Structures are given as C-alpha cells and as structure tokens.
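Down below are the structures I want you to see.
Both complexes shown next keep subunit A, but they swap its partner, so subunit B is in the first and subunit C is in the second.
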Partner chain A sequence: MSVASLGDKSVVTRADFFAPSLGKRLAYVAVFAYLVYAAATLGLSLDRIEKGVGYGVRFLAGFFPPNFTETDIIPGLLESLQIAFLSSLIGTALAIPIAVLAARNLMPPWVSWLARLLIIFCRSFHPVIVAIIAVKAVGFGALAGIIALTFASIGFVGKLLSEAIEEISKKQIEAVRATGASFMNVIAYGVVPQVMNRFIGFIAYETDSNLRNSTMVGVVGAGGIGGTLFSAFQRFDYNFVAGIILCIIGLVMIGEVLQIYVKRVFR
Partner chain B sequence: MSTLSIRHLVKEYVPGKPVLKDISLDIEGRGITAIIGPSGTGKSTLIRCINRLINPTSGEILFEGQDLAKLSGQPLREARRRIGMVFQEYNLVERLTVMENVLSGRLGYMNAWSAWRRKFDEADIQKAFTLLKRVGLADFANRRADELSGGQRQRVGIARAVMQSPGLLLADEPTSSLDPKTSVEIMEVMRDLAAENNIPVMINIHQVDLGKRYAQRVIGMSGGLVVYDGAPDGLDGDILKQIYGGQDWLAT
Partner chain C sequence: MTSATVEMQQWIRFTPLQRLARFAVFIVMAVAIGWALKTIEIIPEFLYDAPEQVVDMGQRMWPVDWAHFWPVVWPALVETMHMSAMATILGLLMGIPVGFLAARNATPFPWVNLIAKFILVATRSISTLIWALFFVAMFGPGPLAGALAIAFHSIGFIGKMFSEGVEEANRGSIEALQAAGATRMQQIIMGYWPQVLPTFWSVALFRWDINVRESAVLGLVGAGGIGMALNAAIDLIQWQRVALILFTIFIVVILIETVVTQIRKRVI
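Right, the complex of A and B next:
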C-alpha cells in the first residue's frame, strides 16, 4: 500500500497546501509564557511601575532650565567627534581586508572561517566593555576610546561588508576572471563596483554610530564628552546634564545631515 | 596544425558520474565551430573547461603549445588572456561604464595599481573606442552597462572579448537571452569581428538554424559524447533525432 501523492488527486483542499503547523503554535505559546515568567520574576508589578514613573517625573523636572554655560562642553564634544572619526577611519581600513578574507565566495573555507572568527570576536563585546579594558590597558583618555570604537567598527563593517561581497553576482566575477585578470584586478573590477554603493552606506552608518558611542565611552574614562556627563550626574547637577544631553542630540543631528551630503557626493 | 586540441577530456562533478565522457576535438585556425546538443549535455562545461573556469577531471587541452588542463596560477592567467569569452547573460560588470567593461579585456596585462587608477594605455583606449564604434555603441561609451538593452550588452561583451586580442573566442549560448532578430545581429557581429581579427570561434548554441547558418562546422553532443562532427549541411532529421532524442518536435 502506498501513500497517495499530490499528483494523483483530482480534488484538493486548502489543507493540502497550507497545513496547520503544530510546531509554530507551540512556539507562540512558549514565547508568550516566557514573557509572563520574565516579568513576574523581575517584580514588574503595576505598583512598581507607578512608583518608578512618579520618581522619573520629579527627576526630569530637575533638568530645567538646561545649563550650557560651563566651558567644558565644547572641548568634550570636539574630543568625542575626533574619537568618532579616527576610530571609523582606522576601523574601516582594517575591516576591508578582513571582510575580503571572510567572504566565502572569494576564499577557501579555512581562511574565511579564521576571518569570520576575528569578526565575531570584535562583535562579541559592547564598546563600553572594550573601553573599560582599554582604559586599564593604556590608561585614561581618548586613546582608550579610539581603541574601543575601532574594535567595534572592525566587527560591524567587517560583517556587513563580507556579507555584501557574498551577495554579489558570480557572473560578473566569472567574466573578469576569464580575461586573465589577477586576483587583485578581479577585486578592483569585479567586486568593488558591485559593493561600493553599500560600502559607503556602511561607513556613513558606522560613523554615525561611533558618534553616539563616542559620547558614552567617556563614562568609563575613555575620553570625550561622556566623562563630563558622568561627573555632572555624580554632582546631581541635573541642569548641566540636560545641557550636555541637548548638545549631544545636536551633534548627532548634524552628523545625520552631513551623512546625506557625503552619500550624495560619493554616489 | 590546429589551434586547439582537446584529448580525452573528462569532467565529473560527482565522482563516477561524468558529464563529459572522453571528448576529443581539434579546432582549426579560423571560422566558427558550433556545438549543439540538449540542455544538460555538457556543452557549457566543455567551453568552461577550456579556459578553466571549470577544472576538468582528466584529459588534455592543448592551446598555443601548452596543456591548459595542467596550468595554474600565473601561467593559467596568462593563457586565459589569449582566450576571449562571450556569455549567455553578457556578464558585464553592471556598475562600470561601457568603456570600462570593454577595457577590462586588458586586465590580464595590467598590474593592480594601474588597473585601480584606470591607467590604460592610450593605444588600448583607442582600440576599445574603435571596437565600440565597430559594434555601433560609440555614443554609449560613458554610459553605465546596466542602462543598455540585451543586444547592446552582448555587443559590449563581444568587444570586451576581442579586446583581449585572443587566439580563440569561446561563446556560451550568446544569443539564448535575445530575440530572434537581435540574435542574428549578434551572430553577424561575432562572425565579422572574428574574421577581421583572424580569431577562430567555438560557440554553444541552442538555435540549430542559427548554428547551421553561421558555422562552417557543427559538433553535435549528446549524453556527454560527440555524436556528430561535420558540415552544417550534413545535419538531417536522423542526426538531430540522435542528438536531441525523440522526433515529435521535428514534425512541422
């Protein structure tokens, strides 16, 4: 006796093509159950939320009026900006060869796996954790921040760029190889034109993200505006905190606008 | 002496299941040789084994005094420069200009630093432009390849292959993505450019009538073997039946 195959049927029903999946339903139930469990064990009662919000409102009221008069905002912001640009530049420069090595369509498996391990390693830690280690290693200041964000940039650009390279059209590569081009010439004429557009997008996004992160690594002593922000918090000088936060928002917004122009020039 | 001699060529993608079973061929120094045969019979594999985009399992491919099957690295790249290739889907680098695509036929002769900065020889640039003019695309030289139609792209593909100054031109289904009229135009461009530059052409083709019309010699493949090798006129119904199998499709 054999199971009737679909081709033997003359009348079909909805269930022949869209059979209900027990596994999928169980997964939904499991996710919901975990959410309830997590909220319950963390003590997230309505009472606790109400108390927290009340405290938050009083805290935010302390922000006004923001205080911009302190003279250490500008040097701090400039230092953050420098950390962001330097780490983006160095990180991207280091990420390019690593990404090429990590692309499985260009390299033998053992090479791409080693490069991928390196990328995974760079991505494993939040920049603040790397910054803490870097501060211990090279001391307080901007150098530690640059190291931390360079590390993050290698992971981020390396991963996205290697994935972009893996998605390119093989046919174009094949044609360039067929002309007798060397590996580097295949990269220059077969790979680069296909990934350039996205690569510029990655750099812009990475610089943007480094700009935000560079305002934070200072919290652990790795240079930039973050240190100023942290000490203002510790002094309960919330007006000054508000001033710094508004300046950071302004800086990130300027970065956003610059990004648009940079992309337009390079495309 | 023939330009290309293939001796006992075998290719197995899966061990024990050869796609090409002992192919031996000689391609003479001029004219068009058309290879016909059903899909999946190894025509593309054969073409790609010659310039080693695919590595053959065993056999010899003698071209300009070397066995291509044994080459690797720098000697292989130098041999590839002498073999132009035209692809079914044109395989232009879409985001490069038409001119850059044609000039990329010279990449085998350039180091990466010059190639990166587009420092092509003036003579090469002149030759590329002359070729573009010859295929009727001089006005498109600075356009990006992805702005072109299929027929235009294939003309650029042919110009790129001729730009290599090859001793042999391979074409893998160059007209299969094109309409019948454009197909004929492409075949004529290829025939004329090959004749003007004394390049023998080896071409995989699905349209038997096109093959018969433009080739001086037709090779019929079936099941990984050569089952016909001779003049286009000799292709009658019986032989086509032998190559493609069945006969219902021949009835008109």
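Right, the complex of A and C next:
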C-alpha cells in the first residue's frame, strides 16, 4: 500500500507499513514447494531412519575405546602438516601476482578478466576433486596432495587478496605515482603497506584451511593421514578410525587457535 | 618544544613485545616450511614426469563426450542440487539453535556457551567426507547420506557466523523487551531474530554456495550426486566423460555464484 493512500484513512495500521508483497509470498511458497519435493527425492522413510539409527549406534559403539597405539598415526599427521605448509607456501607465492593482475583498479579490464577467470577456475573445484586428477597425473603420494591444495590456495588467496587490493585507498597510489614511481614501486610503496595485515590474516586462514583439507585428500591417495583413515575404515578397524578422527580434530583445533593468535599479532 | 627534544623523541610503531611476537611468527613459519621441505617424501621421477603426464591426460580428455550429458550427468546434477539444498536447510535448522546457545548475550550461562562452542568446532573439524563415510554406513549409499553429511559439517560454520551476528546485536531493543517482561524465547524471537535476519540470509546463501561444491565430492564415498558420475568415469578411465563432468561442475559453480551475488545485492 502506498503512502499517498494513507491520507484518506483516519487510522493507520501496521498493515499500511508492512504490506504483504505478493511476489515475496509466491517466492516463499515456491521455495517451500521445492524443498518438499527435494526432500521426497532423498527417499526418507521412517523404517529407514529406524534402521539407520540402529546401525549408527552400533557403529559408534565400535569406536570405543579409540585406538591410538598404532604407529601409522604420527607419520600420517606429519605428512598432512607437510602438505599443508608447502601447498600454502607455493599457493600463496603463485596467488600474489595473480591477485595483482586480477585487481581491477590496477590493471586494464582484459588482464583482470583473464586473471579472475583463472581464480574462478581454481576456486570452483573442491580440493578432493583436484586431488583425484592430480593422483592420476603424478601418481600416489604427497606430491598430488600438494598440487591439489596449491590449486585451492591460489583460488582462495587470489580472490581475497584481489578484493583487498580493490578496496585500498586510491590517494596513496596517486601520491606514489606523482613522484614518478615505476609500476613495481607503486606496488611496493602504495599497495603492499595497505594490504599487508589483511594478507597475513588470509595466509593464516589459508594454512588452517589447507590443514583441514590435507587430512582429507589422502582418501583419494594424495598423501597424509586421510589414507590411513580410509584404509582403517575399509578394514572395519573402527577403534583405530576413532583414534585417527580424534587426532585430526585435535590438530584442526590447534590450527584454529594458532590462526586466531597469528591474526591477533598482526592486527 | 625545542628542536633538541624533538630529536630525542622517536616514534616506534610497535612495542618490543609486538615486534617479538611478529618475529616469532615469521621464525615459526620459516622453520615449519624448512622442516616440510627437508622431510617430505616426493619421488623425484614423479615430479619430473608431471608436466608430461598432465599434457597426456589433457589430450585424452579431448574431444569432450557431450553425448554423455543428458543420460547420466544431468540426473546426477539434479540430485546434487537437491542434496545441497536439503543440506543447507538442515544445517540451518541445526546450526541456528546452537549458534544462539553459543552467543554470550542470548544465553548468559558460560557452561552452555562452552558446550555449544565445542559442538561448533567439532562438527567443523570433521570433514564432509568423513561425515559421509559415517552416514553411508548408517543409511546406505545415496543422496540422503550426502545431505546429512554436508548438513552436519555445516553446523559449525552456520553456528559460528550466527553466534557472532547475535553477539553484535543492539542491546537497546532487548532491554526494552526485558523491561516489558518478555521471556527468553520472546526476547530471541522478537528482539534478536529481526536483528540477525540479514546475517541469516547471507549465511544461508553463502553456505548453499559452498555446499554445492562440497556435494560434488561426496559421490566418491557413495553419497550420491555428480561425484558418483565423476568417480565412475574416472574408474572406467573415460577421460572424455571426466572432462564433461568437470566442465559441468565449473559452469554450475559459476552460475550459482552469480545468482548468489545478485540475490545478495538485491535482498541484503
């Protein structure tokens, strides 16, 4: 209801300001109908839930007591750490020039579009999918994991860093340019000081995320603890599975705490 | 002020402790990288061979097998979309209550906050693939296991964003409700909820975007969707079909990102 029509009425009600919009309601109904339909396609039935919960309880019971005694855990975790560190390093090193090229305030449109396309390409595939391809290309082992997570890092750091560069203040760049600085000088004295702190935050976040994913890529044979986990799973050694999962949770939690600490130091 | 005192005052950007902390971070980074480089086991032949192998694989992916799209890839894609939509809704249903419990202002009991925060961190630390292994064992292979896996994994993210949104909520309206004698539930529904509604939409859309990507891998462990088609094609060494599926995922992810950006611009 429009404001003009309010003048005719003596009483103003809530409905005058929060008029129900037909389009919005139709959209809600459509979304709801879709969700009901999608839920129906999942094949959920009471019988299935009942059986499933029974299996789940048995499965969880198999987890106890968690087994930490096997010797495979530590080497697996260390390899995951190696993969996470090296892929963060290589990924970030490659992401910096790509992010500079992708920033629309520094580059002509066609260059930034190409670079952005590359970033989107790296971002659109889940690390595990890239890991499958990498395993096929370079064989089993940590190298495939590093390649997969490097891809993910380029996408992630590239996107965030290029956005951070696009948000910087133009004035400092103009000031540096006015002194007759070359392009590299503009980057070094105009751009870097403005994005450095956020950049370190991105690296910390990225390393944390790589650490999570490095425990996962092993499932497809790309090195790390994931392979140990998957093979334990396949031989129904659930006590060992529980031990590995708890170790992964511990590692990820440590990573998260460290990430927060690093961000605080560089605020 | 005389010139002598000006010379003596020196502006230092960081305190010594801050500099020490920064230095420590850099040292730790360098040591970690050095250790990783020194001890990692990479077979050199594989490394030298890699470019050749990648080129070879690229050649085998061409020409893309477009005929494979309608019979196999399209149904799998539709299943992936259903799966990710259900997972987002379930994740929101489970994550929002935990998010409210984790927020210090909406739930003023420190031990409840602590338990809720632990749930958020724990669900997030277990990757989707591991959740999927678990739910496939429970409900058998299929999209149901996939949807549940993504939903449980996304509790952590959704709950964390939500509790942060709730903690930033304005106290004024909450105090007004308290003064009027509103119960805790009424405070949440009438006071906090309208304030976190923008957070709700942005989290829901953002998570849906992530969930579509995630659901593409779950097929590897039998949890339905386009990942299953991908896995089948890889196992059968049908690289031309692999290329088609990867291309499809790429296009879908770009489309969804565009849609999400457009909705965010208009609604939020």
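Operating definition for what follows: the second predicted complex is superposed on the first by the 230 of 267 C-alpha atoms of A that agree within 3 Å, B and C clash if a C-alpha of one lies under 4 Å from a C-alpha of the other, contacts with A are read in each partner's own complex, and residues count from 1 in each chain.
Going forward, a contact is a pair of C-beta atoms (placed from the backbone, for glycine too) under 8 Å apart; a residue touches a chain by one contact, two chains touch by 3 or more.
Nothing here was measured: the structure is a model prediction, and the numbers come from that model.
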Touching partner for A:L114 - first (subunit B), second (subunit C), both, neither: neither
Subunit B versus subunit C as contact partner of A:G190, first or second or both or neither: first
Greater residue coverage of subunit A in the superposed arrangement, subunit B or subunit C: C
Partner chain in contact with A:S182 - subunit B first, subunit C second, else both or neither: first
Contacts of A:K171 with subunit B and subunit C, given as first, second, both or neither: first
Intersection of the subunit A residues that touch subunit B with those that touch subunit C: none
Residues of subunit C that touch subunit A when the two form their complex: 18, 21-22, 25, 32-33, 35-37, 39-43, 46-47, 49-50, 53-54, 57, 79, 81-83, 85-86, 89, 121-122, 124-127, 129-130, 133-134, 137-139, 142-144, 147, 213-214, 216-217, 220-221, 227, 230, 234, 242, 246, 249-250, 253-254, 257
List of subunit B residues in touch with subunit A within their complex: 51, 53, 77-83, 85, 87, 89, 91-96, 100, 104-112, 115-116, 157, 160, 164
Footprint of subunit C on subunit A - complex, ascending: 34-35, 38-39, 41-44, 48, 52-53, 55-56, 59, 78-79, 81-83, 85-86, 89, 120-121, 123-126, 128-129, 132-133, 136-139, 141-143, 147, 212-213, 215-216, 219-220, 226, 229, 233, 245, 248-249, 252-253, 256, 262, 265-266
Parts of subunit A lying in touch with subunit B, wherever the complex brings them together: 169, 171-172, 174-182, 184-185, 187-190, 193-194, 196-197
